[in-house]
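Two complexes are shown next, each including chain A; its partner changes from chain B in the first to chain C in the second.
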Partner chain A sequence: MRDRGLIYSALALFLGLVTFPAWHNLSAHVTGKGPEVRLPVNAKQCVAPVEYMRTSHMNLLIDWRETVVRTGRRDFTAAGGKHYNMSLTPTCLEQCHGARKDFCDRCHDYAAVSPPCWNCHQDAKAVLRSAK
Partner chain B sequence: MTISRQAFLRLTGLAYLGAVARKAIGAITGPRWAMAVDVAKCRTQQNCTKCIVACHEAHNVPSIPDRRHEVRWVWREPFEHAFPGQVDEYSSLRGAPAMLLCNHCENPPCVQVCPTQATWKREDGIVAMDWHRCIGCRYCMAACPYGSRSFNWMDPQPYVHNPNPEFPMRTKGVVEKCTFCSERLSVGRPPACVEACPEKALVFGNLADPHSPLRQLLAARQHVRRRPELGTGPDVFYLT
Partner chain C sequence: MKLYGALIAVAAISLAAGLAGSVGALQPLLGIGVPYCALAILLVGLSWRVIRWSRSPVPFRIPTVCGQQISLPWIKSSRLESPHSTLGVIGRMGLEVLLFRSLFRNTRSRIDQGPRLIYGEAKWLWLGAMAFHWSLLVVVLRHLRFVVEPVPAVALWLDGLDGFFHVGVPVLYVTDIVLIAALLYLLVRRLREPQVRFISLFTDYFALFLLLGIALSGIWMRYFARVDAVAVKQLALSLTVFSPSLPKNLSAWFFVHLGLVCTLAAYLPFSKLMHMGGIFLSPTRNLANNNRMKRHVNPWNYPVKVHTYEEWEDEFREKIEAAGLPVEKH
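And then the complex of A and B:
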């Protein structure tokens, strides 16, 4: 057992490496909790039900994009009969959600997706306060 | 619900005919947008750039000092450069400024070469662009005989000094050009350059309507188009 020191230090190194993700996340304060978005202050209802928007907002936005760019029609009638101008910055951000870092980026960062929308579309000027 | 094969074929045929008829009616009854530039009025204001400024501010067109990276939707050239061989040394048009922009050709070569259909001819005559779909191959720039298209060699956003939040920016690697302000036309406003011109030198109108001011102007005044011999059918007319 003259190799005891070597064995135990190798074992410690091995355990450290295997558990690296766990303590790395602990030190970076990563929790299992989902992202917290800032909810809009003025609006209670999105252009579609929340469950749909949560899973399929990208499809709705692509649909808006194709309609506006290809047909030139900008009017969107929501299920409740309310009309919206199909436009990312003026409608989605400035009318409701405010700055993208408070809403869009929270989930996108959490899910590690980087949609290219913001390469061209601008951020909202007004940053809405948290609803909480 | 069951449907017989015969009924299915009949319905398919009817739907197809309906779609074709709708497109034909749209093409016949819809507008065909075009522009006339009154060179004589521009000549009285030699240093005026109001239309250029208005357009570039409305559409977040970057002002890049390096001319190799220049992005332009509307620009100015001496008349004899825009219409080579058409101005002799005694002509009063020599040295007159010509406002140049996308000609929204009837037979646009840029549309024919675009591999992704990022640029296409709308029914109202506008040669539109979908920047989402542009892959930056620059075939359209090679095809356009008027130099109406610009390429974003670098990120244009630092060069947009007063961004308009209503209109998106573009990104590196995308081609852009004048869109005849389709976003303003859809809400019933004239193009930004037309609105900005104090001399009313730019006349925008519907070519399909024989009573439109544009058609009357074209009937009354002598006019030229840039390189009509190429067969592209430019829809921007220069009143001389």
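And then the complex of A and C:
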């Protein structure tokens, strides 16, 4: 009986928390526009179709890693017959995509994914800088 | 029939959502219309239930306790099990909501040879319930990464903690395993224990299958079918700012997951799942056991017209005295 104020305050708090994404995003002027990725300038074709890479690039990279580490073979033949050196920094980054923050991190940060690749592999720019 | 009916219902919802999701023309309905409707039903329905509960009269303290009530100073009272103060009630409710204290006391009884009645502990239900509810909370909070931009620190932190073991890519979440294991345990327990199976209703199975379907479709989507997470977030963000736009590359598996989640949201206010709000409004738990310490006057007591003995005596004083009968007041 005397607890109605408390109950309604708690209910309002709950409703506020559940709808928090709406309040937050509306006040921060968030839109449904996705992350902007800097596309490679000197290459038109990835090692696999874009639709596959968009959702499953991690599987390809894990396959590459296991092939290289277990068999030592570094040659990858793409569907079109083109050959690639299976290597994250020299092939993916330095040949096409550039620094990871311009490409990889854009979507990874957007979707809050922090893959452990960079615990070992080096960023393209860092390599270039240290080489100079 | 209750079991298979629930299973068929959840399978039919999944199938319908998946089929509709693979038809381009139906995607806006499923990706925009249904989520808005489901969320509206959840929020309005839940508020309606809580407001209705808040209007029910609680004239007297009716806590069910299992501790010594406060009485004489030299009798030790149990402050948490039989609280007499608001602080104690908060502690008791905290234990109940966060740690399922009352379920921890679950016992089992069986008749042994003799015949002899034997009571024993039964903690598995408590463990299964804890594993399920806490995993579900972590899973729900982890989804903040899809609906809030920039991603809140709590979601990042939970994500890191949950993927602590760094198994595979995408990183395996511990709560995914725990959630499925706990749900399967709760389902198997319901099916294997004859007494529990006997009292199980359609809604019991339906809730379990629905949650299992949500968890399995989510796991399938993340680890095996690999839905485009960026497109999912684009849709989610556009929904939160009320300018919905549907990205092109959403797979049917995402719509299965979304359809099941929307079903759960819309079903929640009308089902036993309302215990989410109901636990806070249980008069047997949220009231202090101070029936003897404080006088609780029924707040809607009707002002009754009474005629006291003194008034009666005044009215008939002459007649009583004339008859020689004793009176209180001379």
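FYI, the second predicted complex is superposed on the first by the 100 of 132 C-alpha atoms of A that agree within 3 Å, B and C clash if a C-alpha of one lies under 4 Å from a C-alpha of the other, contacts with A are read in each partner's own complex, and residues count from 1 in each chain.
Note that a contact is a pair of C-beta atoms (placed from the backbone, for glycine too) under 8 Å apart; a residue touches a chain by one contact, two chains touch by 3 or more.
Given the structure is predicted, the values throughout are model-derived calculations rather than measurements.
By the touch criterion defined above, A:94 lies against chain B but remains apart from chain C after alignment on the C-alpha atoms of chain A.
More residues of chain A lie in contact with C than with the other chain of the pair chain B and chain C. Using the contact criterion defined above for the overlaid structures, shared-chain residue A:59 touches chain C, although it does not reach chain B.
Contact with neither chain B nor chain C is seen for A:49 once the two complexes are overlaid on the shared chain.
Once chain A of one complex is fitted onto chain A of the other, the partner contacts of A:120 are limited to chain B, with no touch recorded for chain C.
After overlaying the two complexes on the shared chain, residue contacts for A:74 are found with chain B alone; chain C is out of touch.
When the two structures are aligned on the shared chain, A:18 is found in touch with chain C, with no touch to chain B. Shared interface residues of chain A (contacting chain B in one complex, chain C in the other): 116. Those residues of chain C that touch chain A in the shared complex are 43, 46-47, 50-51, 53-55, 57-59, 144-149, 151, 155-156, 159-160, 166, 168-171, 226-231, 233-235, 237-238, 240-245, 247, 249, 277, 280-281, 299. Residues of chain B that touch chain A in their complex: 122, 128, 130-132, 163, 165-166, 168-171, 182, 185-187. Per the touch definition, chain A reaches chain C in the complex via residues 1-4, 7-8, 10-11, 14-15, 18-22, 24-26, 28, 30-35, 51, 54-56, 58-59, 61-62, 107, 109-116. The touching residues of chain A, when paired with chain B in their complex, are 65, 69-70, 72-74, 87-90, 94, 116, 119-122, 124-125.
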